[in-house]
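Report on the following structure.
Chains here go by letter, A, B, C and D, matching the order in which they are written, and residues are numbered from 1 within each.
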């Protein structure tokens, strides 16, 4: 390999750029005259040396670079080779191994963007211009250090439903201190109101208890019942929450006999309410929690049908599926006919998609103008499961299911549907514009109610079903957490559930680093899915906190205090809430407003850069001056 | 320069998460396109102030294609802010008698090879028609009208 | 139409049919049936599911279109055995016709 | 065969698809060392072969490649491609011990620089399964454009041993007599993310057993729709005609006991709707029909996606197609029962896409003491609270390997598996520390 020098290695801090051009075994050198390129590159101002190699990514190639760094010949590096996506990391780590800062590096893509798409002289010319642009930028590069934000090895979980319990246990097992907050006196959330879990039939109480026991036993978990978040501040690794705790409201008051003894007693399961994990607050108070991440597990609430929707609220024989599940749980275990409140139930009509899959123009909006256009995902299986329970326990109680689509999507769920068919449940299918009508019977049916439907499976004919009971498979709605949404500035989707950054790239994260999602506050989920989501949130929290500090990219905004005039235009332009703030500083004895970047919150997008009238703010690693220098090099005609 | 003397240069501002890998995909597919194109990798083009674009034209860049991630942008709100900025750049270009077709905002994904080549071709035609920046013969109003009809 | 009557599928068990309600009305049997006759045999199966005895008795003759080719049973995704169901319905219809002295036209 | 190498890691991830990569990244981000064993020549799994993904219509590559690159560049992750897991079990100390067969690429991985000179010069064309077999690739090639690693692999069944690749290879990486190697991988924990495969077209006589031209699978349609697909546009394979009428046949191998698959494959409704939407963009004048039994649009944003498809004019016909037959001029006829009117109906389409059934990608039987459910997918003792646990303590499973799942659910489950694996690791390390 030839070597030409045009700048002495004088050991000063002046930028001395080294240019390393790769042949890529002919991929580049067959179309680009690398010899000419090398000669011309050496003449670029500020370039100390230009070299070429058959494979710059190979060990000998990297060694060329490292040797020049070690000898002090160069202190800025440009590699011209394949796309940076392939080897930028390789070369940055070579810099590090040679004792240089990995950020004094710039890459020129002369394979994917030159030799593979252009040919002949124009290819060489373009390659040269890209190299001079990279060199121009390299001269302006400064060493950068990754940002380190100290992080408390502590996590806070809001909501002690199944997802919150799961997340708390996982985080505590992983070695973090955990604060588990619950608005009510009880852990267990909505699952506590269930009997058995579809499709596999585990007891809901056991599922809650097995996690609740671990929460109770775990020394790292502090459970705060009857607690609400009233204050929120900080950033990843360093959030602080203010909690308001209050004695339980009268309707939530728990008989003392239900309270587990102080110390490490067994958790107590109260059907339909949940699990008591210890003493409840007896007086009002405020608690400050300093924490590293916050996991939101605020859950869902079932849709409440409008008065008159399928007879709900008007006909006493109409109830929701959650109500029915509780009634069925409390009913006499078996018998030929299901008895509810002393009344024999021989025929049950179950109606799917109540408060889910609502269609504008067909369904009525709720009081606040919302329609639940989404599918609630869990109701089909829950309905099928309940139907099977009825049919196996009470052979003389018949079940009819009115559906739009049976969404038995998950493992073991289609099997529930088949089982329901074998259990002689009759299915009737309706179109959304022709929903079933629940009416008082004129007596001819022998039941209090009749459900009429235009049944698509019977060629659109109207079919009448006698019913002693109508069960509405209501969907899920997010719990009312507007206070948290406002306080923590949580993003909410059109469906009113909390909105993740991206369903695949960052599925359990909110835009604010360190705020995580677990379970049905994000979307309808069943218990398995909510537990997976909770464990996933715990995993994300663990990657953030495990090291005791959060390492962030150094590419964040930086204010030049000399230039800043405190106009605040950067604050206005900022896309990450709170990443830039105006602070009072004393300059020459005068108090003035100046911008300050909260590095942990800055995304490095540069929206502030464009907005600053005095060029006082820059993103490290991609400053405007660097881009201007690159454009100068590209626009230059000298090379031709 | 990559282009034969006399041919203008096209600057491409390509986002590192979408358009830059998109340009690489064109390379991997060995699809040829004009060599007078210079791609700068940027995190989010929202970083560039209005004057940056004008200065590029002052320096002799004939056309600029901003290849963003569009609505898939990883920085929430950045695309909208960028679109607004480009609108303001158009106003300034009109004031200076620069044909606004010299600047285009588009979104290119990581495998949008055809869209990438198309954009380059279209800009190539524009700068061929217009010549170097500042040589527009039309009045700015005519240029704007031409741009709108195009 | 009269009320749905689930005692009918129960009654059919006496005629050797236990899979009436296994069918999920996908229509494979109707479409695969070489007769290509409207909704046959699913229509009969659906009438049996909802207990529309009158419809079955009125249209009983249709049951004798079936050629026992077995395609519907072979392709039924639910293994609801539509071929056997049709045979069972024939036994049911015959039983009633005999009892009522009905002579099909 | 002798053991060529023994490698030790904190965690072993079996399968380099989206679930495996996510699990590996989650573990590595917690500073555990991870090995990913992938049987294919590239990581990326099924997802990297897709066009766009529902419900956001992001391009699949744009989501997968960053995760592939992140895994490939991660200092704590070692990726072992073209490696088949022969067996995996716990040893006496409770460590996971995996025997892995490294298949010969006939290319030296350390020497190959992915320059593709061999590929350019190879004279042999073979059907390219990564392009749905609609296009050809060379007998030696880098598997596909965004493959990771960018290392060539030779197809020994088609190579003519002409020597051209060896001659043009600038690094002398071609090794015609490369032998398979056996690696032992030891780890404290493992995550199985072996994904799914698709039932072959041959499996249903009523759908032509794979012999009808212009009846293709959903995965083949993905390639036709992909921006870097075989034709760069949607053409039907038999004659290159632009189809005016396209039909999707749902449950073509799921929910069908006559084919031995009673379960729902979970993802087909949504991917058919997605493909239909992409088609109506690519071929605005084409008629697109989806024959379905139940539309299972259950996930976040899925129902709205389905409603949008209806609003775009995509026809949804509630019927299970009973029979598919070749028609005239390359057309395909489908027969179904029109339930609202008309009864048995026969309709001709230019192209028919089968939403085939999905089956487990890997069977642990005889290789690893994991249990499977009646559906063949891996089963565990705690399907509700810890769906990723298996009967083998310390071995977890995620993604489609534990029951079919869409990408969103697979990614969440992979992270959950990583969490449980991390906690198991911590308890093991504590235990080992106590012993030492």
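The definition used in the following text is that a residue touches a chain if its C-beta (ideal position, glycine included) is under 8 Å from a C-beta of that chain, and two chains touch if they have at least 3 such contacts.
A quick note: this is a predicted structure, and the numbers were derived from the prediction, not measured.
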Looking at the contacts, which chains touch subunit B and subunit C alike?
A, D
From subunit C, which chain is the farthest off, judged by mean CA positions?
B
Subunit A and subunit D, separation of their C-alpha mean positions in angstrom:
24
Mean-CA-position distance for subunit D and subunit B (Å):
37
Subunit A to subunit C: how many Å between their CA centres?
52
With chain centres taken as the means of their Cα atoms, state the distance from subunit C to subunit D in Å.
43
Check each residue of subunit D and list the ones that touch at least two other chains.
56, 58, 66, 255, 339
What positions in subunit C touch 2 or more of the other chains?
24-25, 39, 78
Note: subunit B residues in touch with at least two other chains are 21, 28
Touching pairs here come out as A-B, A-C, A-D, B-D, C-D
Touching subunit D in the complex: which residues of subunit B?
17-18, 21, 25, 28-29, 72, 109-114
Looking at the complex, which residues from subunit D come into contact with subunit C?
206, 251, 255-259, 293, 319-323, 335-337, 339, 342-345
For subunit A, which residues count as touching subunit B in their complex?
83-85, 109, 111-114, 116-119, 122-123, 125-126, 129-130, 133, 511, 555, 573, 575, 603-607, 609-611, 619, 622, 624, 627-628, 630-632, 634-637, 639-640
The answer for subunit D against subunit A in the complex is residues 26, 29-31, 53, 55-56, 58, 63, 66, 69, 73, 113-117, 150, 170-171, 255, 262-264, 266, 294-304, 307, 318, 339-340, 373, 375, 377, 383-388, 402-404, 407-409, 411-420, 422-423, 426-427
Quick one: in the complex, what on subunit C touches subunit A?
1-4, 6, 9-10, 21-25, 39, 43, 46-47, 49-50, 78
